[in-house]
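After this come two complexes, each holding chain A, first together with chain B and then together with chain C.
Presenting the complex of A and B:
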């Protein structure tokens, strides 16, 4: 029982990271039909921004995290949209997908060259204390990841549903033509989703790097997991991304512990195939609906 | 003037004309640098250990060149990145051989060595590798030499430690599923069977794996007296972090990698308490080793690991043996290393006595260590197997 509780807690922590990244996938798809296959590398990079701010800038962790988020917003949000998405979007989804694949490779290799090919230790936001819950060790780190992720998701939902800008974003996603007629600055709303995505991946990066370490090659597996999570949950709903992310995190852990450690990476893909076959809209998605 | 006189005069004139050219050519040959190819893991999962190896080799060569080189010739090292990929490593060895090196250093990963060693053998160029997989030196390759103890030698020592010092009756074995890990896994299982120690759990992990929550749960739930961790640097660090997170209380035991400085740096305080056998340690109670550690730290701003020591000692062993031979001859060098010994008396920077047997396996003193307050602490010096 204790082991099960620990596996579920640890799985939820990993799943919360997948969910944050998967939400980014959904946001970009809903507003700009962008499938960003560099999303994993987007999670990898902010950790290096933070480390650079600490080592070269001599900043404390909290300030370096703010610098990391700002750098991500600038480069992975605004820069990504202006330099990659805007010129490529008019050519259709596939060229843009290929462009993001190329961008992912470029980011990996650039990080290797500019920072290091070696893994770097990343400071934890909270101490590595462990609690005992029903005989199971539950770590403060896992709980903090889940907590931070919940705060980020709730804040995003409040922003989207309770603010004028958020509602304008929803309108721009649902029907950009009508939104334009209503005077909503659709392009600005799309830009905002890229900024939100960059913020989410930066948060995910800061949360996961103390466990995974900061390394140029970390993005690939994370990006695939988050993409699978988004599809399993439902690519057109934020709640789908959350469900998919958490489910994937828990299932991966349980599968590794109780089915086969060797095939742990295959289990999520099997789940993906099953969802595509039997519920193509995803577990929490809706057919033919577009909303953020 | 007779025909003979004319011919002799012509010969002398010709000799006078060609002599400067001949002398120039001879002088040029003497000044030609000795080439060393460093085929090593500078990216991919082996980047940590490979970079340490490269840096230490470069440091040794700079020191040698500053003191006049080997037999009066400067040494020139070229790096070739294997990307921790056996296929790439084979291509890089081929590329390195095209440059006609005197010796090849690396790679470290056993899978890469297995993929490329026959190329160096065919070219009759000695290859000094950091790989530990047992089988490599039993494949009939007269040009392959270890810079590191083999898994067989290391595991025999760790088995004694688990049996005699930790007094474990059962252990969980966590290993990385690559050539290095498989070799270590097979060797430790064999040693544990001999020592009568039960394997409570046998857990394979993947190279590059990031999440070890399930693996630690499996190891813990088997209730072993100790957990033996045999993986590469980054994965070892992640495992240690997860073990601390889950409050693992039994000893975490490893062979060389687990106690490496890079693992300690990456794992932070989670590395404290890890213990085991290390084939080489920059903290060894040997003044020359400590001087090397300090110089390396000064030059690169980080502490060397075991791979750095292997590369440094290998370069100086090559220097010592070449000077003993009195000539730069790859084939003769390989022959000299079989059954050969280098000592600090021959060359102080070989740091410790080291001997190579007929298979190319190295034998030297090694150490038992424990991580205390983020530093590797040597607990005991274990003598060479041949002593």
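Presenting the complex of A and C:
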């Protein structure tokens, strides 16, 4: 029982991070039909911005995190949109997918060459104490990750549903033509989703790096986890990405403990294939009107 | 194609073949190895181009099929089976698994299909790593012999290169024939407009599966050459990164162009050698070049070449490039 609680909280913590990354992924798809194969590398990179700000800039952690988020917004949000997505979008989905594959490679190799090829320790935001809950060790770090993720998701949800800008963004995602007719600046809304995505991946990066260390090659596995979470949950809904992320975190943790540690990565993938074959709209998604 | 242009094309291709046959005599062993790697990789890329460029089915699992072929050949030839037998087994196994992997493609398209194949690639990688009894786990399989044909041993690097090149030529000729046959036309119909193809009586189900099986089978054939080329295999080279690279080669060369895979592979295999002076930066430069190329010309280098020759010719050329553009709207 104690084991189970520990496994589930740790799984929820990892899952919460997957969910953040998957939300960004889904947002980009909704507003601009961008399938970002570099999403994993997007999560890997901000941790290095933070480390650079701390080491070269001599900033304290909190300031370095803000710098990291800002750099991420600038490069992975605005820069990505203007330099890569905009020139490529008119060519259709596939060339853009390939371009993001190349971008992932570019980010990974640049990090390896310019920052470090080693795994770098990353300072934790909270002390690594553990409590006892019903006889199970639960780490403060896991709880804080879940807490931060909830705050981020609730803030995003409030923004999307309660503010005019957020509602314009939803309109631009659902029907760009009509949104344009209604006078919504669709292009600016799309840019905003890229900024939100960059912020989400930066937050995910800061949360996950204390556990998995900051390493140039971390992106691949994270990216796959985000794809799986997005598709299992439902590709066209934020709610789906959250369900998918949490489910993925818990399932892969339980699978590692009770089924096979060697094949822990296989269980989510089998889940993915089953979901795509039998319920392509995802567990929590609605049927997609766009072409599947 | 006019008679003169066809003659020119034949002369040029024969010239290229002659250069590629003569090339190794002027190269150090490492250069010969790189050329052999080019020939082997090109076979896998031709297969992927059949799937993506002609039939419009995205696959991120070609690296896994090269792996399946390489492991099959490694296991069989180290147990005394002649290479020809191993080749048939590698190609056949990849063909069969590719056929099965095609079933999801009947239900889902585009990015969903990409993710199914991506998942498949990772699963195959896990099997290579974890099933020690069969694949040797992370220790891999070593001492893979090079084949000898009718008493001609391909052990020396140059002989093995010629051998790989001969297989590449056979594959290229077969593909050339295939894409001009009714099958190839059915593939293109599948890519351009599946619904219309179905309404015209093309069995889209069967051709989708066939495209997957043939493309994957060529991946297996490439694997059957890769294993004796490097003579030691472990799970690392066949990961998702390799599949993504093969996909890049198809797109960089120009998907849907017969010559695309040769050019794309040439760039991907040789560019690192030319950019050797750049040391750690070469992959950065390569990735940046790919992005720039795609932004300006999504039809790849062949598309760029077509555009240049069209621009230079006063008489409007036949609109070949227009029908062979990228696959997905």
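Methods note: the second predicted complex is superposed on the first by the 288 of 292 C-alpha atoms of A that agree within 3 Å, B and C clash if a C-alpha of one lies under 4 Å from a C-alpha of the other, contacts with A are read in each partner's own complex, and residues count from 1 in each chain.
Heads up, the rule we're going with is that contacts are C-beta pairs under 8 Å (C-beta built on N, C-alpha and C of every residue); 3 or more make two chains touch, one makes a residue touch a chain.
Computed from a predicted model, the values in this text were never measured in an experiment.
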Worksheet entry | Which superposed partner A:110 touches (first chain B, second chain C, both, neither) | second
Discussion item. One more residue to check, A:94. First (chain B), second (chain C), both or neither?
Written reply: second
Practice prompt. Quick one: classify A:227 as touching chain B (first), chain C (second), both or neither.
Written response: second
Practice prompt. Once the structures are superposed on A, label A:273 by its partner contacts, choosing first (chain B), second (chain C), both or neither.
Written response: second
Item to complete: In the overlay, answer first, second, both or neither for which of chain B and chain C A:181 touches.
Response: neither
Discussion item. Let me test your reading of the model: by the given contact rule, A:257 touches which partner, first (chain B), second (chain C), both or neither?
Written reply: first
Discussion item. In the overlaid three-chain picture, which partner chain does A:102 touch, first (chain B) or second (chain C), both, or neither?
Written reply: second
Practice prompt. Please identify the positions on chain A that touch both chain B and chain C, taking each partner from its own complex.
Written response: 112, 262, 265
Discussion item. Per the contact definition, I'd like the list of chain B residues that touch chain A in the complex.
Written reply: 42-45, 47-48, 51, 177, 203-206, 208, 210-211, 213-215, 217-218, 220-221, 233-234, 237-238, 241-242, 244-247, 262, 265-270
Practice prompt. Note which residues of chain A are touching chain B in the complex, please.
Written response: 3, 6-7, 10-11, 14, 112, 116-121, 128, 130, 137, 139, 141-142, 210-213, 215, 217-218, 221, 252-254, 256-257, 261-262, 264-265
Practice prompt. Flag every residue of chain A that touches chain C in the complex, lowest number first.
Written response: 35, 37, 84, 87-88, 91-95, 97-99, 101-106, 109-110, 112-113, 220, 224, 227-228, 231, 262-263, 265-266, 269-270, 272-273, 276-277, 280, 291-292
Worksheet, complete the sentence: Within their complex, chain C touches chain A through residues 58, 104, 107-112, 114-116, 118-120, 122-123, 126, 129-130, 240-241, 244, 247-248, 251, 280-281, 283-284, 286-288, 290-291, 294-295, 298, 326-329
